[in-house]
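Mind having a look at this structure? Questions to follow.
Chain naming follows the written order as A, B and C, and within any one chain the residues start at number 1.
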Amino acid sequence: MSLQRRFVRTVLGFGALTFVTLLLAPLVGPTPIDIRRVFDFSIPFADNTDAQIFFIARLPRTLAGATVGALFAAAGVVFQGLLRNALATPFTLGVSTGAALGAVLAISFNWSIAVLGISAVPVAAFAGSLAAVAIVYALAQARHRGLSTTVLLLAGVTMNAFFSAMILFVQYFASFADVYRTLRWLMGDLDISSYQPLVASVPAIAIAFAVFAWLARPLNLLSLGPESADSRGLDVTRAQRAAFLSASLATGAAVTIGGPIGFIGIIIPHLVRLLVGPDHRLVLPAAALFGAAFLVACDVVARTIFAPVELPVGIITAMIGGPFFLWLLIRRR
Amino acid sequence: MLSAAGVWFGYVEEKPVLRGVTISVPRGGLVGILGPNGSGKTTLLRLLAGTRHPQRGVVTLDGAPLSGLSRGALARRMAVVPQETQLAFDYTVAEVAMMGRYAHLGPFEIEGPSDIAVVDETLASTGTLHLKDRPFATLSGGEKQRVVIATALAQVFRVSSSLRLKAEATPPDPTGATHPDPCSFRLQPEDAAGYLLLDEPTASLDLGYQLEVAALLKRLHEERGVAIVISTHDLALAGSLCERVLLIRDGEVVAEGTADEALTPANVRKVYGVDVDIVRHASGRRVLVPTGRSEPGSA
Amino acid sequence: MATYKKALVPFLAAALLCLVAATRAVSTFPNSEIPKSPPSRIISLVPAVTEMLYAIGAGPRVVAVSSYDTYPPEVKKLPTVGALLDPNVERILSLKPDLVVVYGSQDDLKQQLSKAGVGIFDYRHAGLPDVTATIRALGDRTGDAARARDLASAIERGLDAIRARVKDRPRPRTLLVFGRERLSLRGIYASGGIGFLDDMLAVAGGTNVFADMKLQAVQASTEQILASRPEVILETRAANSAFPAGERQAELSVWKALASVPAVRNGRLHFLFDDRIVIPGPRIVEGTTAMARALHPEVFQ
């Protein structure tokens, strides 16, 4: 089958799955709502609890889940292609720990700035992720002409450890309630309760996905190893830079919206490769769509399984992801 | 003509790996670069491929310095076959070979029927078309090397307009049951300008696969006029395969010429520090028989 | 494949071991063995109990407190010895206490103290009745039993008085928030249907909207808040976490996004930055009164 037809089939297949999930998810929740009342615009919005639940609570939450899921899954694909390692995740290179440090600082020092209608914690998380990317990138650049993925990996892992230590340091002086809030932030939360975080992240997401689209074929070539990729006509350093920066941007945006929700970036790329093969031109769109559907579904489970109490969505993804990861380890000979 | 003139190169500038090497590979030529480990063979190959640039001297392709050519333009003219290829993900043979077409496509262009025809043809010419849908990782070492050679061929394969039209008029059978007759894709003379640069193509292979790959290279060279440069420390391979050989030691050329001219006992002793006798085999081929070890560099 | 399965066995065994070790750690410490003589050097790691110690007259014998203690003002002059998560055992022992008030979860500390022969008073946050029960037990332990009983009864009477004042008032459905992100409705923590805050709300004449969630702290989602339709929203924090005066209006207006919530529509949002509410100590009557005043302003002019 030609690639065009496989591409169309992949996008239509996963697109349909995502579409149905997005359509159904806002209808499900711990509170029963009357869907006719939701769209009855003769009732003033301020008086219409059903509409408020739908438009203020569930719809932004569903869209946040879709966005974050798509970003993590696609960023996972790109990081795995860049590092040529199928076990890499969006969190391997320090971006999310940098974001976590930002969030922890904002929580512990009770910062009360708001940028573009976004409160201090997400703003600090995004700043933290950018700082982490800059540091890791500078380190990988300094030791090598071009970009060394080995140094990138070492720098990323080191910065992960360092930022974690910083988090513990800040935590040590934080009040008990702040420590608890931090812990909760680390479990992920998609209840964004307004559209502002999504709107504000549109530029970052647009840039990341545009670069991903260009990266699909270079990532295939990188799979051969940098030297072979170079002699096939790929500017390897440029591709690696683009991959690192765009995937980091995507990860930073996702962590900013929903917190560091684990395992999406590794479960989804693997499942997708099993279904569509390793060609990144199919894997990237499929992973983004499937990741969106998967996280939205996980969030539906998180908010209904123990209703009225809600579970953090990160717990659901971890419950699925942990065993999946083990299975993956056993399966890889 | 691919040539390097007096090139110097060092990964660390104070420690040059190549010191004023000159080599030229004519169109359709078959040249071997010979030398012991660490003599600079692989580095010279990298300079010829344009992945590294000389600090002194110049590498030119048909008179144009490589540093002035775009990566894509270079990739369409020559392809490198590394010693070993390990993939990060489970691509099929066809997908690997298709990566050879990268430099022929625009940023968002998808391979067309002509690219598929080229890949089928190069796989057929390396005897790997039947492996097309197999995962690359499951192949034997020899099969892998042949597939990578097919990829390199697909990379330098320029599709003439007549061929493009023909391939698009008759798309290959999607079942793959029949493949286009290789004869219908004979290279046109102007397409024969491709260069394959192979780094120790047989070093990691068993004897049987070594012969297989050597035979394939010879056939590609003779039947299709592909220019081939190989780096090797295998005197027998170079002696039987190459039209011309370049002997290097410590980054300097020791001898250059046809195999008969260059592979003399004196030169071999100089480069490898090994005494050899030259024997004529019943097949008419020269065979170098090592007889003992001497100080390298002594005449 | 087979080798990996084999390799998993020790891993699983180790995991199992960790599990066993974790369950074993829940050990039992007798709360207060009958003392031979009242303690003369007391250290309190629990601000609520520090307040109780001073209130029952044991204050002069307190030699050190936790790093979170601020009340009564006398404690600010005392040395601090860490807190819930970071008790400094060395400093505690160097002060030669004969009674240390610890949290129930501080198992390591308790083990170390009992090895050193230091008496322990074990404390856990629980409901409102536990506050007076703790005061009485504390009095028995420190030899101030009579004053402790008087204090406990006074508190119980105070709470009863509040109950009586709001008895015939409608009980508004109340959302009791004790934490959220600044300038946003994310990460909202509210009181569930157990714990002293929930009990105080009941005494003060409110109905907790999350009464059916048997948790002390509920992370309330936007949907839960919209669906529970609170008539009053009380935001309570420790005094040192109060919003600066200039930001109170901005913090109030973040709630406007939830326009269908009656409390938002009717402007029944209150900030109560009051240690007397969030510390379940002897000032709990005043704290509950503050809550009741916000819920029933007409009664508490």
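FYI, a residue touches a chain if its C-beta (ideal position, glycine included) is under 8 Å from a C-beta of that chain, and two chains touch if they have at least 3 such contacts.
Quantities reported herein were computed from a predicted structural model and do not represent experimental measurements.
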For this session: Could you classify the connectivity of these chains, where an edge means two chains touch, as line, ring, star, complete or other?
Result: line
Exercise. Between chain pairs A-C and A-B, which one is joined by a greater number of C-beta pairs in contact?
Worked result: A-C
For this session: Select the chain at the greatest separation from subunit C, using centres from the mean of Cα atoms.
Result: B
Exercise. How far is the middle of subunit B from the middle of subunit C, if each middle is the mean of its Cα atoms, in Å?
Worked result: 76
Seminar exercise, completed: dist(centroid_CA(subunit A), centroid_CA(subunit C)) in Å evaluates to 36
Exercise. Can you give the whole-Å distance between the Cα centres of subunit A and subunit B?
Worked result: 43
Problem set entry | subunit B contact footprint on subunit A (complex, rising order) | 1-4, 7, 80-81, 84-86, 213-214, 217, 220-225, 227-228, 230-235, 273, 277-279, 281
Problem set entry | Residues of subunit B defined as touching subunit A within the complex | 49, 51, 71-72, 74-76, 78-80, 82, 85-92, 95-96, 99-100, 102-103, 105, 107-108, 110-111, 116, 151, 155, 174, 197
For this session: Within their complex, state which residues of subunit C touch subunit A.
Result: 1, 4-5, 8, 68, 83-86, 178-179, 181-187, 189, 210, 212-213, 215, 217-219, 221-224, 226-227, 229, 241, 243, 247, 251, 257-260, 265
Problem set entry | Of subunit A, residues touching subunit C in the complex | 29-31, 45-49, 51-53, 56-58, 61, 107, 110-114, 118-121, 172, 175-177, 179-181, 184-185, 189, 191-194, 303, 308-310, 312, 326, 329-330, 333
